[in-house]
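You will see two complexes here that share subunit A, one where it goes with subunit B and one where it goes with subunit C.
== the complex of A and B ==
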């Protein structure tokens, strides 16, 4: 990690390093996997990233991660009903994927612990950069998760829901998915848990997705952790030739949350869409960081983030679009809009463009503002009281992004979750 | 964008190989030995005839500097600078404070003439030599239409001459070199120096505080509108010297001043260091407009030589309803590291930043601004246009932040980039930090080729394609060019080399 030598380890750093020593014998993996784990813990020994590390500028993990809970949770989490009706559910409960594997035509599902033991996933365990603290943490400790392979040409009728549920303690989970050429799928990544008394949770979750030629995937991340959870997540994807990936991220919980999105377009005609909403309340810190690499010509991407900040919440959005030298005809647009609803809330945004090709159309826009008084007036002039009017406007602001997903079932299910959040936090 | 031939040609005209200010002048110089130590600082201070408090201030900064590390966060790459291999003081021998132009070394005046800064003619215009007035006035009519410009000429480490001093003094405006100000107006300097950029601010600002040798000082008293444009022309001439100038501009309640700055340096294989600090202070209802045309030697076509331009510029809108406006045209320097910023402390104060940064060859530009909203109802506006060609890297890095008490803070940021060729890079790194719910921030950035729609719109009106494209490219930098005072606008246009007909005036 590109981290400065730290004079002294923090409690959290020490706890992680000690835990690694204790857990090592319990962690699955062949020689190759173990080498990766050792490298990863070495990176952590150099210290967790501080705000001096550019990609962690607004989330000083070293300062914010004050304590690390013990590994074992006292309560065992239970699988939840899926977000989308009829989904095949693959649960990881307290870091373990011990449920019965469902049979889906054209889909191969394996437990990740098996893939770690036989070493076949070792090459994918490397962190993506020197400042990839989440990748390093996960590689060091990952014990389970799923490997899902959707065969070429398979069009899934029903969605798959990957659930990572945690009730206190630590869990380090990896969800690997390959979507074959021409295949179509809707996949939900559910990140949730129950607050168990006296035990905070530390979760690292890395999802890796590969889209082969012409594959189409809608991936929904629904994060509703309790406010005792530190949730460090990463979504990494490669979008192949003519493949389409729509990623939706909803952050509506957690105490300290960092969701990284690392996407690379690897084939001409690839298209990536990111739609995200951050619903921030209480005294929480939520960071969404995206790094998007356009590496080949003729690829497109659009990213829209909508954030609502209430209470003492702090929100961060960092989005970087890298257009490589040969990625001519790239078309990339990014927008990040924030409604800051309380004086104690904060939102920081850093939308970056790094462009090395000359025939491209790239743009980004970012706004931070309060509710438009004209809009409020319009509604109140029609006899709607202020509180309701505000609620309507805020909901419309975020719901707009959901509606863009263009699938009735998904839109209804996500709006229901949105309503749920507004009921408790509105 | 795949640039139009015309645009490419014009940008090429300012190519590093064609740097026209690259000449060197043989002038007898008085130099301090190479290296940096407390002794050198004492020497500089002594040469300048400074009071003790100034020396202490410098030494304090130097001790602090020893504890600092060079910043590495900017997107610029360069070999490590050996700070002991630089002359920290170099002055033309004939300059123990000339009181009039006649005492200035004629060689020096020639330098400025070559640079297009006719110090003498301006003095003449002012009425020093009445006989030639009418003739010259005619000749210069076109250039000086918008009024005269008082110039402070800084040559390596010292200010060689300041024109129009008397006329300015009549209006109550103090315009002189900072060394003179330290001697003549210590109370003002002591009150304001380092109050915007403290000696502890950053690596280069701290270095500057320790070793600065000259620069300009402007004081516009309460209620005075400075009768003419003020200007400083910086020139690095001597080999292996660093230029560390310090500029301090104070506008008291209700005052107004417009200040211009220009810079050039000879062509050399070695890199030269330029680390300046500029501090602006605007009290209640005051306005300061600061314009820069930076054309330090950018290095040759292989990226050899050139000036390292590490500059700290900051304005403090200390008073209510005050305004500070930065305009910059950056075409020179091998490396530019510069973020003219505004601290919007006073209620209803406003800050502006207009920038054109053109990079070519192996130039690296990392520039932008900071707008720190502290007071209520403050507003800021950022317009940045980057044009990258050759093998250059052009980065916009900016920060806009609203603090808890900055109710109704308002910012609009627009940064656009244009790429010419596929070996260069354009980058945008804006930071937005809002801690107040009534803040309204907008940011937009684009990197794009000219759209077919735009082109169609213009061509549909009977304008041929080449001209249509030229018009659209003109529009690209127009917002910034318009902010420049007349004289600079002309120079900037030439420098950028992209025709901008009709956009200035």
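== the complex of A and C ==
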């Protein structure tokens, strides 16, 4: 993944390579899967990406990943109540799929360990590019997860919640979902864990989603890792003809977090929306990196990120939109707005548009602001004390993005998560 | 209730003195109108009363119920019963109007040592006040003032004033941007709040509003000072003869 071999391996690199040797016999997979795993560990042997690799410029993984915990945790995480009431919950606890598989009409659920063993998921294990460290790490070590298939025409009455929960140690999980033609679903991807003494965690999680023609999916990533966790996640999706994908990402935890979003519009009329909020506190590093490819004509996308930075937190948003040569009439808009509440915090934004078609509408904008003093004065002039007024304004700044999801149940549930964060970090 | 003594104040940013030795007394139960040409310091006075940090008092004092308020922040002043109806109410995206009203009412109750309002009681009060001002409850589901017309914003200010039950109401150019029907509704809302325990300061450029909210006293503000005080006939005189005469007298 790096052009140049590193002169000397870091502790973390050595630990990962050693762990692979120890774990190999325990990892599920047929011959094809094992070849992918070997390729992946080879990539890691060339070194974790540094700031010299463009896509990792703001997140020097080699420097930031200082240690790698042992595999096993002392205690196993417990499943959580779902974010959305009534959801069917599919938990992965410390890397192991653990559900009694629910019976939902039109939905087939399989454990990923079985799909690795029979080799049927091998083709999807390739990293998406030379710099795909998260893909490589996950492919090397992935042991379990779920495969969810939603049949054509199925309109799910209740949401599905995929839970990836840890209590320390390492977990490498894949969540694969196909949503059939004309099907509709709300899916929550819950990434969380418990912190206890000495329970450092390293998680890699890769979600792959395919939307067939006319499918409509709202996918909510709720990341609330403890500050003992390194969370390396990837969300990859293909949005087919006339399909609509709304992806919401909330990062509200973790010590070192990188959430990659890799989306391709593959059929005319496809629409993709990314709505993201980063709630950053403490001495943490959180990176959201999106690569969006408009590959065919007449597809649309909008991306809105809102970030709140407190303490010594560092945040990153990289948003890259590639409009391919034949993708005429593409309409894409991206915005990244940051509320910087601390002198010690920072946020880096890198929007990139690469446009090879000549008849498109594309734009991006980024702002970094403080709390608006006129707004603060107005609220205080109504008797709301300064701390409460600031809290209202900060919450409003991010709540605006949530409200765009336009589903009362989802908005209420996510705003409750927001309130929870402000209670502990406000 | 309100006693402003030899007040001098300037803009913090550039040091420009706006208020230059202003004296004004308003008693409980009184409706005082403050009139004056553009740039005389009317809006600045309203902001200083509410405690906006962009202005700095360099001399003099503001007494509210015999206590100086200069050291109080805007929230403390509001909780003590001072209310400013803004000339240009802020649009605050993401803050739902109903949520804002509930927080404001309950924060003030909390500061006074009262229990928070129960939801049904809160809703009842809002509905009554909205009906009185001819406001659609659906409007209050929107973010605070966002997408409200000029008239709707002014009504929303009076709605807040009614719900918060202040003792000293300062209305800054509440008539600007209102058509005649909206003006009547707003004026009726203000008149309904007149009481022997409450003082109302109406800041306006024109006499028009004072036909509907009839003042007990009228004060002409010019270059940061009250240069003439009188009863409601002074407002009519200004309407007929303009400010020039009064300014000339004072000079």
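Heads up, the rule we're going with is that the second predicted complex is superposed on the first by the 424 of 426 C-alpha atoms of A that agree within 3 Å, B and C clash if a C-alpha of one lies under 4 Å from a C-alpha of the other, contacts with A are read in each partner's own complex, and residues count from 1 in each chain.
Definition applied: contacts are C-beta pairs under 8 Å (C-beta built on N, C-alpha and C of every residue); 3 or more make two chains touch, one makes a residue touch a chain.
Keep in mind the model is a prediction, meaning the values are calculated, not measured.
Trainee: According to the stated criteria, A:123 is in contact with first (subunit B), second (subunit C), both, or neither; which is it?
Mentor: Touch partners of A:123: none, neither subunit B nor subunit C.
Trainee: Comparing subunit C with subunit B, which touches more residues belonging to subunit A?
Mentor: B
Trainee: So, does A:359 touch the first partner subunit B, the second partner subunit C, both, or neither?
Mentor: first
Trainee: Would you check which partner chain A:400 touches, where first means subunit B only, second means subunit C only, and both and neither mean what they say?
Mentor: After superposing on A, A:400 lies in contact with subunit C but is clear of subunit B.
Trainee: Could you say whether A:385 touches subunit B, subunit C, both of them, or neither, answering first, second, both or neither?
Mentor: It touches subunit C, and subunit B stays clear.
Trainee: Just checking: does A:377 make contact with subunit B only, subunit C only, both, or neither of them? Give me first, second, both or neither.
Mentor: second
Trainee: Of all the subunit A residues, which ones make contact with subunit B and with subunit C?
Mentor: none
Trainee: Touching subunit A in the complex: which residues of subunit B?
Mentor: 1-3, 73, 404, 417, 419-449
Trainee: Okay, in this complex, where on subunit C does subunit A touch?
Mentor: Residue positions touching the partner: 50-53, 73-75, 77-79, 83-84, 86, 89-90, 92-95, 100, 103-104, 107-108, 111, 143, 160, 164.
Trainee: For subunit A, which residues count as touching subunit B in their complex?
Mentor: Those residues of subunit A that touch subunit B are 54, 57, 325, 328, 338, 340-343, 345-370.
Trainee: Applying the document's contact rule, which stretches of subunit A touch subunit C when the two form their complex?
Mentor: So the residues of subunit A in touch with subunit C come to 373-375, 377-386, 388-389, 392-393, 395-400, 403.
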